[in-house]
């Protein structure tokens, strides 16, 4: 089968190229310019729109706003679409407009789009023509949080604190003050406090707006580590929470729930599609540490899980 | 005046040497070996105990347990003491034993010791003979938290989340798996979840055990950034919290409360004695970002503030 | 086929485990402890000596001195051996003793051993029972240098300068002052000037002692970049030198000779088995930039090239 | 006395601001915008040209080409000028044009300008109205090289290899592909091989074009380490070379010649105005390691040495 990548010069697009190069049954087929000479140039690879009918699936790695019209063209040409931008993540176009500062570019497609948090939406993804690939931060928050919420382990009224730390690749390949070495190296900064665009996505997927999400920019390149502070219902401790997660993910090759008193680090997940989770108690709060590689499970890896499902292939192909 | 540094080969001791080299009226006087050739060697500088009577003040930069007996010798020789170890921070010897795994080495001196969070204990420090210099993490938590607690702005029953991130110098100059470049670089790890030794110190100083403190090890050398998540009482927002902090620290040269929507970074405070604080709202929680240089305001700098006060000098000498 | 790794807890051993996990026809077969929890622990994985007869090939990732006796045991049990230590690299036991400060531990095996710079010794490696895997620095120097020397392009009497820069993984997983984050981060140091142990190996393989090799320790984890300064014979410029290298490596999948005015960086080769070479002129000197990943082409990757050849497998298996 | 900084938002300008803030008798006096909020913005601070007559000295931290006309205005207003750009370093306007791709912007001022390698040109600097502050790389090369050349220790015909490694601050505060964290972190690149703009400056100051200078970009922020490979005249070894340097710099507080078998690292000089030099033998070559902080001794610190001399102040004021 054949796939095209639009926006192959950005970090997510480059990672997808790397993954597809090893994939046994999905090739990058459309003519496109080779990998951008410098990742920081951030050029989009040219998409030959007239030839879209030749591919089975298109990965959109463009900025939000630019993806939706390309998705429409690709769908009309008969290709399936995994959109790594934010264009189809939010179901309510009013929330999209409030979050991204512009009307939704293709509201009629919102009903077609399926939110691609693979382990939690596998059936819908399998039959989808258009998948909205989740954000990197939301994936790191939701993987541990959803099973705990669904099992009713958390105090209903208490805030859910998600203190997230990400490597710089999450800020993209564009050169600006945020990504200048002199501003990142030996530094740490909190940002987007109270208004980060991933918050509505997290709220929607978790079904609650009690989640307080604050991201920080780490002086490293890859990986997200999110520390969750959760108020458990009376009588619920880390053993029960860990058990719920272990049951939820028992059959999942890309999720690892760690043993007691063990906490995952970025090194454990970099360059892999793994989501790794540690569960702890700290003075009555559940402290859950969730890690993943933002470019793999947080972007290109999960996109490939979704693409494999959409094409009827084995979900893990090209990701082992 | 003359000072001695015991343990001048560790990071805090080295920082003190640097500060004293610029101090106009306090010299390192006792014969000691020069700065350790390699910080990682972690040698203690030899203290000529018989000559302690010649100095006005001794800085103890030894590991906990080793400091207390040295403090006794120095006090008996007539010198004042600033102890940068943990030996005199906890008032209750039972808590010390539970925390450090050994009986307190000098319980009779606990009543003599004054907790040296300078801005909050200036009068007691000024007349003290023995000051327990606060831990780096506690200083980063307490500087923003104490005024907010004292003003009664926080919901009394809600947990106080302190998610702290520190550079590796906090782990000391000793070579071990924790400080190996290969384990730190490009990595982030949470540690001490639920049992870090700075928690009892924070609880004691804040007068509450509702504080959930979780530290993380950053891939950089200096600085702590702590993100606090606080549940305000009804009607209290970030403007009121910022105002309380601004009033509390209006006359303090080493504390900066930032304007709205501004968050301090490690770069703002590295190599300075500043504590910088930003106050934000995120979906009803107060999110307070607190930064300092763990080796300066979190160790040697605050120690020098305290020493200056104890010796009747201007508090900021050698720190500008 | 089956292989065993002795010393699988060190960086080279870990890299080999990663490579073998993807290898289609060579498994890690002997019972061994799993990957060391912390790379810095540097434990050797237990080798069940009595079961050595079960494997086809043993990779020795131990320190020098420890490898030679293990090689003897393995050979006698019928296994082939790739030794990643320095024990069999130097042909002259007197040079070994002068370099490593101890008599050679198995001088009778020196004649059996083949120096495994694969692209330059493929035939001998293919029939070898014992291969001495080259050092990381020597590989980075020799890959560009050997064809230029053999083609007679260099002034015979001029010194050959090899200024090499390596990531910290070259210093091993052991925790010491050299590998402490505080000594590496934001730093650069030259070391071993005039007495580095890789110099005799480079001299032997190049057949000349005119090579001045000086290594430096970079503040990063992986990769070597060596800048060579070569005095060409009259009339020889970079175009001719590049042509010689392109011809020498035309059929080699793991060597890339870059186009004019292009210089390889560490990012180009990290996590790959590639040796990348750029050739330049600077005011009459040939300046050749040679890069590789010290843990792959400089250790585990080249070891696997050699093992594949020794076992009659395709040389690149598990390395693409 | 009063000074103005033009271009105070760049890295050199920021460093000058930091140094002047501590200077006992030289103030930043002209109204200028405060330090740029983000160093990467690289804004020039506004210079109120009409008020130039109020200051004693102007530091020009602008890009080359922009400095020369500003120098003229300042000189005519009666101020002295230290130009940190390249505009007055090269004596021959034809070499300037060949190097910088544009005619020299003020050739009539070239005779007025004095090359400010302070330790080697102190008398001329003291009476100068316009000083061309040396480049960072040239300073690192020339400090060890000039005394050895002047003493005639080096073989006259042999090439002089200068392999230099610099932190990213040398590339400036502008955001571009070169300074993007993703391209620098965990990387090393050689650049400007055979055509770096600092080569003509080095040749001019050393009086020879036998110097082969190749710079590399390190994954750290501050500091240059240059490794020089020198062919000594027969009978000359490192002891004699070290002696020559020790004599040359015996009275110089900002130059340190290290003992035998000792090599300076970036950590030894960062945030100081020191030039540190180690001298070694490697197989007949003199290997000289030269380090400095590119923003201090390589820019703002040396500029302040020069300014102090020009204003009749003690050379080291504000630099201890």
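A, B, C and D label the chains in the order they appear, each numbered from 1.
Everything below uses one rule, namely that a contact is a pair of C-beta atoms (placed from the backbone, for glycine too) under 8 Å apart; a residue touches a chain by one contact, two chains touch by 3 or more.
What you are looking at is a predicted structure, and each value in this text was computed from that prediction instead of being measured.
When you average the Cα atoms of each chain and compare centres, the chain farthest from chain B turns out to be C. Comparing chain pairs A-D and A-B, the larger number of C-beta contacts belongs to A-B. Inter-chain centre distance (chain A to chain B, centres taken as mean C-alpha positions): 38 Å.
If each chain is reduced to the centroid of its CA atoms, chain A and chain D end up 46 Å from each other. Across the assembly, chain C contributes residues 183, 185-186, 219-221 that each touch 2 or more other chains.
Put simply, chain C touches chain B in their complex at residues 11, 38-41, 168-169, 173, 175-177, 179-186, 219-221. Interface of chain A with chain B (complex): residues 159, 161, 163, 165, 167, 183, 185-191, 193-194, 199, 209-214, 216, 218-223, 225, 227, 229, 231, 263, 265-267, 270, 278, 280-285, 287, 289.
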